[in-house]
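Chain naming follows the written order as A, B, C and D, and within any one chain the residues start at number 1.
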Amino acid sequence: MKFKLGCTLNYNVESLSTFVFNIRVVETDCQKILTEQLIIDPDIRIDEYVTPIVENRYFRVNVPGGTNLNIFYQATVEMNHFYGDANTIAEVQPADLPVETFHYLYPSRYCESDRLHQLALSEFGELTTGYSRVTAICNWIYEKVIYEYGTSNPHTSAFDTATERIGVCRDFAHLAIAYCRALNIPARCVAGYAYGLNPPDFHACFEAYLGGRWYLFDATRLAPQNGIVRIGTGRDASDVAFATIFGDILLNKMDIFMEHIPEGNSSEVPELTTEAISIS
Amino acid sequence: MKFKLGCTLNYNVESLSTFVFNIRVVETDCQKILTEQLIIDPDIRIDEYVTPIVENRYFRVNVPGGTNLNIFYQATVEMNHFYGDANTIAEVQPADLPVETFHYLYPSRYCESDRLHQLALSEFGELTTGYSRVTAICNWIYEKVIYEYGTSNPHTSAFDTATERIGVCRDFAHLAIAYCRALNIPARCVAGYAYGLNPPDFHACFEAYLGGRWYLFDATRLAPQNGIVRIGTGRDASDVAFATIFGDILLNKMDIFMEHIPEGNSSEVPELTTEAISIS
Amino acid sequence: MKFKLGCTLNYNVESLSTFVFNIRVVETDCQKILTEQLIIDPDIRIDEYVTPIVENRYFRVNVPGGTNLNIFYQATVEMNHFYGDANTIAEVQPADLPVETFHYLYPSRYCESDRLHQLALSEFGELTTGYSRVTAICNWIYEKVIYEYGTSNPHTSAFDTATERIGVCRDFAHLAIAYCRALNIPARCVAGYAYGLNPPDFHACFEAYLGGRWYLFDATRLAPQNGIVRIGTGRDASDVAFATIFGDILLNKMDIFMEHIPEGNSSEVPELTTEAISIS
Amino acid sequence: MKFKLGCTLNYNVESLSTFVFNIRVVETDCQKILTEQLIIDPDIRIDEYVTPIVENRYFRVNVPGGTNLNIFYQATVEMNHFYGDANTIAEVQPADLPVETFHYLYPSRYCESDRLHQLALSEFGELTTGYSRVTAICNWIYEKVIYEYGTSNPHTSAFDTATERIGVCRDFAHLAIAYCRALNIPARCVAGYAYGLNPPDFHACFEAYLGGRWYLFDATRLAPQNGIVRIGTGRDASDVAFATIFGDILLNKMDIFMEHIPEGNSSEVPELTTEAISIS
């Protein structure tokens, strides 16, 4: 399945400011970049940083005051989704987890799995383990948490959302991640482009490590799982903000776009599914 | 039903200290003091304060340094419980609530009903209203929250317990109160002597205002509801601590005792019940 | 000093709703109501509730759906301020406090004095006790906390503000109250009309119990202390909201007004002052 | 300067359990391992994991039930401290920071720099920037936060400590880290062996990125900075726990030891210093 996606970001920069952007998609075994274009206007040198292992592609731009900064990013991406059999995907015990996944068991700023331990046990501890347990977590959140813009803020964490029961995509992801970690399932935050999101926006969902690989989940049901293209992964949203900005700026415009590129020989289309999908 | 109850408290007082005790039982339409004895050794003058409306009976003692302070309190109390029909007790709408009960709808230190609003709605919003809804809240807490000494602390609040799902009697009461208030049911904290509590201790439970009066509830199921004798009520435990102490002291001993006094002509005995009981 | 003050509140009431208003001023030894007018349009019966001791004057209105509700309140008030000598006003030890003031030492929803104990000791524990210590608390807050609309929300408490250092008048009052209580100084929240507030609004400040009476403090410095007329007092803002509303409504208009009525024979004018003022 | 250090850990393992240990020291430009010994009794295979960049040396052991597990670790380490000139070490602006240090500007579980932003600005925002500002942060914490065992718990975070003003070494480190990040100074948690710590224990302190490298700071003043040997670094204590355990175990014994090995030709001794030291 192929997508054309990207964004335009436009800022007024009042005084010398530093931007760290995280808007370019990564390459994985399942996600291949066919074409890519990044236009920075005015043409300012960028410093790139690719994180070890997960290979997020951050770049920094230092912008003088008085600049109107325009960032245009566009890529065409081919997704070769890995489809697992949801019925047979097991949880991996700590004894067998790849040691590098342990960091995704630890609590993070917005996913206080340590404080959610009893709640996770009480709600999900008795369930059959495996892929279906993470699905149950997603269903629980979908059913019990209200999706509403403007109800949470950048400080809102899973501990808040567990009780306040209202939030947006990052809050849904954070709560799911915290629940997974509390049950000893490694989980991490995914920032991405999401097909069909209305209004278009950057999206946050999550991956859980099950049956030997990272599977994609989205408790919001706002986008088809096979329509999500990864920008980056991290412990939580603090790692994968699309922009971290130091300075005095004004955001004028933020347009995100994403199209499905139909292919003659493929019947796969972006759709909500209960199949187990991995893009890692 | 009659009870003999009381306590012995013994403190070493290192330097001039002020104690505010809240250990004497109140009189209500349902709770009559037959005999009562308060012995303070050494014999220090007390300042009494009876709160308006709910008539908690605080007393203050100022104790010089170097004192071994012994407080002995004993009372025999006759309880004439009001038994309502749980099936017909309705919630009272804000339009009809006595205006003085509104204060028990507001959030308090340990019962952040404002932050628990969505959670309460999500868990109990669809239930049939009335006495049974408060019972459902108690059952929910009993089933989902672990009762274990030493797991919470004096700062623990309903917002914590909603997620941490572990605590002691005051945590159970605070969570229930917060849920009730979030559903517009006035609720308040009850401190009391509780028959059969093992080990003997001061107990915390709660009252909800339903069908025109305050009914007693206890989500811990650790004592029979008709075996609870009220010391005081308040917004939460901050109002009804058995002792508030200013100074440098050491608690040596705290013995609480309570006996049922059998009566020839009564078949009522202290027992766990699903009947609606009021002691107000 | 005389003031004419009041408010107009206008609501669209979509469905049967209950309002509890707290907009009328109280009478105290220092605050006398000369004239008063309350017009409710349409003319709906009110239920009044005057709280014990502090005598807040709540009233409830039950309003049918489809109503445009207009509340007009106006009063002329004569203030006979008690002026104390700030240099000689001492703190009152727990041994000597009137027992009914102890409730204002306990933590409340938005004033978690229990959690602020060490911070209060660290910042103010070494200062000379008395009126000047509460002034020091006010100065600390004025200097370290930024006053900015829209930065806090109804859940924000003193524990948040102690660290986040930004908020509005109720946040300033809550933090000051929490600090006072942590230092064993009874403190309570005051809701009132405030002369010269720009834009006009209901105001929150606080009183501390010192030298045998309640003195008025305002860490915001946004209004002259002798220009504040009390609506009510409570443990914190949860007790003295100007309106508590149950139902589906829309606030159309909220106008608050306050004028100083000059008197020929008085030289007292509303002004910021460092004198110790009591209106209780 | 040379040290001999290590630990003995003894556990009763009730049922099949997984341990991830983080007790071995790392090698850096300043820290060289001369000899090293790890004895696991019974002799169970370990899985090692060295993290990218910072090279923490985690290892996992899966231990059958019924085992008495004994871990003995010992190393001799040569420290070649980098000494900077505290007076000339500047902060590095976001425009010039190595992009891989940005992760240490983001908030983490126990270092909510996002919520401490205003507090950090209020307390340290006006100070001269550079090494001395981080020293000022350490002094502030040393002076205002009480060091006392048993006063904090594993959930305690910088946001709590900022107000509660009491805690242990990890709380001191977390608060300092949060302050640094709030001021745009990258900061990270260091777990290590600390010379002269009494009682001997694993220690937590922190590093701040200044003047182009990571400098070591310890707000507790409980150990000489040049007597600290690094086990690992991470965003906060959640990354560098000495043991993460999945299973039912009992810790019998935990002995940490550390000796200074005098060298004839060196006058450097472990001592509290105000010099700028780096071990990275």
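By our rule, a contact is a pair of C-beta atoms (placed from the backbone, for glycine too) under 8 Å apart; a residue touches a chain by one contact, two chains touch by 3 or more.
Please read all numbers here as calculations on a predicted model, not as lab measurements.
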| item | value |
| --- | --- |
| Interchain centroid distance [CA atoms averaged], chain A/chain D, Å | 30 |
| Computed distance of Cα centres, chain C from chain A, in Å | 46 |
| Numbers and ranges of chain C residues touching at least 2 other chains | 115 |
| Chain-level touch network, classified as line, ring, star, complete or other | ring |
| Which chain pairs touch, all of them | A-B, A-D, B-C, C-D |
| In the complex, chain B residues that touch chain C | 16, 18, 20, 47-49, 51-53, 58-60, 62, 93-95, 99-100, 102-103, 105-109, 112, 114-115, 154-155, 184, 235, 238-239, 244, 246 |
| For the chain C and chain D complex, residues of the former touching the latter | 115-116, 118-119, 121-122, 144, 146, 159, 162-166 |
